[in-house]
Amino acid sequence: MTPVVVRRIDRAEAQAVDALAEFGVSTVHEAMGRDGLMKPYMRPAWAGARVAGTAVTVLAQPGDNWMLHVAVEFCRPGDILVVGLTADNTDGMFGDLLATSLMARGVRGLVIDAGVRDVASLKEMGFPAWSRAISARGTVKATLGSVNVPVVCAGALVNPGDAVVADDDGVVVVPAGRAPAVAEAARKRAANEEDKRRRLAAGELGRDIYDMRPALEKAGLIYVDRLEDLKR
Amino acid sequence: MTPVVVRRIDRAEAQAVDALAEFGVSTVHEAMGRDGLMKPYMRPAWAGARVAGTAVTVLAQPGDNWMLHVAVEFCRPGDILVVGLTADNTDGMFGDLLATSLMARGVRGLVIDAGVRDVASLKEMGFPAWSRAISARGTVKATLGSVNVPVVCAGALVNPGDAVVADDDGVVVVPAGRAPAVAEAARKRAANEEDKRRRLAAGELGRDIYDMRPALEKAGLIYVDRLEDLKR
Amino acid sequence: MTPVVVRRIDRAEAQAVDALAEFGVSTVHEAMGRDGLMKPYMRPAWAGARVAGTAVTVLAQPGDNWMLHVAVEFCRPGDILVVGLTADNTDGMFGDLLATSLMARGVRGLVIDAGVRDVASLKEMGFPAWSRAISARGTVKATLGSVNVPVVCAGALVNPGDAVVADDDGVVVVPAGRAPAVAEAARKRAANEEDKRRRLAAGELGRDIYDMRPALEKAGLIYVDRLEDLKR
Amino acid sequence: MTPVVVRRIDRAEAQAVDALAEFGVSTVHEAMGRDGLMKPYMRPAWAGARVAGTAVTVLAQPGDNWMLHVAVEFCRPGDILVVGLTADNTDGMFGDLLATSLMARGVRGLVIDAGVRDVASLKEMGFPAWSRAISARGTVKATLGSVNVPVVCAGALVNPGDAVVADDDGVVVVPAGRAPAVAEAARKRAANEEDKRRRLAAGELGRDIYDMRPALEKAGLIYVDRLEDLKR
Amino acid sequence: MTPVVVRRIDRAEAQAVDALAEFGVSTVHEAMGRDGLMKPYMRPAWAGARVAGTAVTVLAQPGDNWMLHVAVEFCRPGDILVVGLTADNTDGMFGDLLATSLMARGVRGLVIDAGVRDVASLKEMGFPAWSRAISARGTVKATLGSVNVPVVCAGALVNPGDAVVADDDGVVVVPAGRAPAVAEAARKRAANEEDKRRRLAAGELGRDIYDMRPALEKAGLIYVDRLEDLKR
Amino acid sequence: MTPVVVRRIDRAEAQAVDALAEFGVSTVHEAMGRDGLMKPYMRPAWAGARVAGTAVTVLAQPGDNWMLHVAVEFCRPGDILVVGLTADNTDGMFGDLLATSLMARGVRGLVIDAGVRDVASLKEMGFPAWSRAISARGTVKATLGSVNVPVVCAGALVNPGDAVVADDDGVVVVPAGRAPAVAEAARKRAANEEDKRRRLAAGELGRDIYDMRPALEKAGLIYVDRLEDLKR
């Protein structure tokens, strides 16, 4: 691994990114064909935020947040800082000072496959962060990593400039080039769900709305009055 | 495993179930003789709910929520949907559409040994759910399971119709036939605790209230002024 | 292990302990030279509390809270009860009754390398608790442990009387004798951070504030416009 | 939970049980319709054993092996001792003394949802054991459990007398009444696999042997020479 | 995700791949600049194998091994089948039949971010496999994935054709284009280590061989006769 | 934490340490009163070794094995190197070069709360190592720790000079001063077990040998012929 900082990246289209934020992680993940989801151990430091932004990526060493400081310079309004690690780590690599710096540059959030700290302050500041852990454990600034290279973060491949959507359900990555199409697919899916929601709220059965009977029958589902009846 | 749906089940008595909800999981678990508790990885999707209901059970395949849709038809007001899995899984098998459907039928909550999603919406809707994970990861509808058969959920055996109590402390299962007796035992326990709470709040020592001295002495507990005194 | 209760311990100086509470876990942990932190699986039962106190320690058997009851007698206002276990355990060894008893004695919180229960009540009462799990599972009172001996709790060594600081970021232990010096170091660190926070909020780069350029250059960091440029 | 020892149980037919041992866990699990498998954290204390036997069940308290001693009296030649726990635990509840006792009674192995110890001796003695952990941590004999009641062990429901098959792949439970049918299904499956194994060894493709092409095509699988071709 | 099979891939140079096998995972990982390592939960199904090969990649759905069967056709002698999953899974997706098929085609091993089964047979056959779990749990053939697309496997990005090295220490991935250079670097490193090994075996201190004194002194390491001396 | 190397430590008496090795971890742990055991995630890199030695301790930073190199100088024949970490870590901090160096000084083994690598070589060399992981991941030599200070390793407090016993069952620590008494207690326990082993092998029930009947009866154990009888 040659430590490198890449200055220029191609970001997903802003309008598409903003549209993705409306629909949230679960809908966007479905709209992509159930792809791009980070592992469910990624949780928000505080509940209730929903953001989408373009990824500025960092590949960092465990327990070392040097490259996060380096990356700040390359962040623009609308970005989300996405940090992958070279090895599993839960140290608190990000706290309120870095958050202050990112907010000053218009960054919308942080996604890190390690720990964060100062979570009470992050909540107060309204800066959202998704991480695998909360930990006060401090870090050093000793070993180089990279900025704006492709990284694996919580099991998902993230290229610089990709759209990243995060909320209470987790984090999903949309390749930059697919962002407009996925936003459109998400819009359709959401509209379609609205109709289903109304019918389900009115008491209709999903079994009927989705017309599941033929497939269930074909698959061999048996209905009995009592479990004992099965054994006859 | 023959996939089967059982239409008729014997539910725990409604009055006993409602009484159990008053006392909460920890008290009910004690009242049962410290039995029936699901593993502590089962956590509420949002904090603050306390419910009790009768179990409609689902045995589902990992990453497949087909049978949850099938089960809805057999739910009645006062039920809780309890979903066991044939293998460990954290996928988001339950979201706001299924919650809408269950609410329309008067179901009081969901207990699932897998993941849920749309958790911000579930909180807004006031539909409580206990799960092992929160995950946006979508599911398929491809492989059959069963409805209203005995299932193992988070390490606990649940028979259809059993009383299920869930709150911020976790989830406990009370066999249908024992529900009235357990509710009564819980009532006694709670009353007894109330008295102890008053005495403890007034500064009395639990050691005296529970009369622990003789047993501690018999077990051989030593008191010293300083640790060094022990070594003399 | 001889089960023993030690009656007299030397507590960290009250003023220093109170000062530590102001700064919180992350700052105190740094002020100590990044030492004394409990493992990050220790989480608050409810968010938002920040406390510091002097440790009354308990070494308890898994699933047995007998010694917690014994320890209450030796707690004073300003203490925090710290419970280490002889083996990994998640049972709910602490609930609202014990909390009532501790509050009556002016104890500021609980730190336990096991589970707690009645978490809704603990929140209502305002009694803060940090634990590795939330579990309704009840405990017995059958096997002795010790009170006020050195214990390992969540990977950290705690001596009776040590200062313990806990908040949403976790739990840190400060040896009693070092408390005043650490409080002073934390004060300086916090003051220093305040200045940096202002500069970062104004848009200055951490890279410049911390003067990172020479070290980055020396370490060999390369900047390129495009990743492809690296391979030339 | 009333602590109880049940003296008489109905064991799966010996001939069927012995037949199951021939085929091993993976084949038996498939022959049952992919059911009855314990969670994969259950591992053999030493590799290379394959056994099948009839379950004598124990419900034990964590860290307490009293009921294992009680259960020995009710074991017969051909049995396997299956121990479920009332809560997660890794203590070494079983060692070479209990193994000596079980071997003297013709018991074929141990399956325990906790820890075992003396594993070097167990290997030397040739007594096979499957457990969730290896741990020297000793246990007490203080709290009652039950013998020969239904237990949940590593996520699987085990009734006394059920056939239990265990090898390097894990542990599977076959309800006593189904043992003969499952043994027969396993025999057929193994025979069928033998033929496939020969064809695969000769270089035939599974895709052809299993005639997968039509289903793959129907599902929409695309073949391209180069990944770039997909995007055209 | 469009399910796709890519027929033609560019494999790392055979000679370089074979050279990598000589040095093993730890040396190759160092020779790459400590990069490309899969997470340490990847363990061999049986100990003692060391292989290197070129990756044929599969992106598979949890609990579904359909695409493994599809991939066989595209394997050549010298390949290693590398399977990434779309979600965490421990099911036994690979057993002795697939191993027979791969061996017939000259494939050198399997690396899968899920479970394997028939491990006793795999050992007997001498077919090495690295996985995150051993599990008898069977799989379906219901949902498409892809063959020969880039996959994330156990946290590492694997492109089709990359060199993969695996032994008792784990699994490391070398990008196809870098294989010759890494093999050469590994050769140098191994030669260098041989000299150090001789000196260390003769009793020389690593501290002297690596000339650590100046750096230790500069970092501020203190030597005392007794710990008490530190506090003076 | 002031980084410090302590040159002189008081080792447990050699004869007692050697005696402890005879009895193994489980017996020694019992002889201590079930104390001093490291967590069960500590596993041998290869099976079959049993050693006891005196602890030279290292407090190391995650992913940094600098202090292990420093510690070698202070090791004597009969020692075991015990490494605690300042934070959870699985990196391969120890391999065959360090093992060569330790063997040259007569060190009997390694106990590390992190990862080891070169495990095939370690086995070949006959150098035993207990660790929480096997990982090829390399380490840096950048941050100081300490040598021969008290450390917490896998949940157990280890003082320099303590006796450490390790085998396939795990690792146990005996305070230096207690080593002779614990060795004697272990000898008695082993002798006593030998007699029990003979009686159990002859078919006697543990229930009778340990005279459990009165206690079981007093605790309220009920015997029934059939489970149904309980409910009458």
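As written, the chain order gives the labels A, B, C, D, E and F, with residue 1 at the start of each chain.
The criterion applied here is as follows: a residue touches a chain if its C-beta (ideal position, glycine included) is under 8 Å from a C-beta of that chain, and two chains touch if they have at least 3 such contacts.
Since the structure is predicted, the reported quantities are computational estimates derived from the model, not experimental observations.
Between the contact lists of chain A and chain B, the overlap consists of C, E.
The pairing of chain A with chain C is characterised as different-residue: of all residue numbers used at this interface, under half are used by both copies. More than half of the residue-numbered contact pairs at A-B reappear in one of the options B-E, C-D or A-C, namely A-C.
The greatest centre-to-centre gap from chain C, using C-alpha centroids, is found for D. The distance from the centre of chain E to the centre of chain F, each centre being the mean of the chain's C-alpha atoms, comes to 30 Å. Residue numbers of chain F whose C-beta contacts span two or more other chains: 2, 34, 37, 87-88, 90, 137, 143. Contact between chains, using the touch rule, shows up for A-B, A-C, A-E, A-F, B-C, B-D, B-E, C-D, C-F, D-E, D-F, E-F.
Across the complex, chain D meets chain E through its residues 24-26, 29-30, 34, 37, 40, 43, 47-48, 50, 167-170, 172, 193, 196-197, 200-203, 205-207, 210, 212, 215-216, 219-227, 230.
Residue ranges of chain E in contact with chain B, taken from their complex: 61-63, 87-91, 137, 140, 142-143. Taken in their complex, chain E has these residues touching chain A: 1-2, 32-35, 37, 39, 86-88, 150, 152, 155-157.
Residues of chain E that touch chain D in their complex: 2-8, 66, 69-70, 72-73, 90, 92, 95-98, 100-101, 103-105, 115, 117-120, 133-138, 141, 143-144, 148-149.
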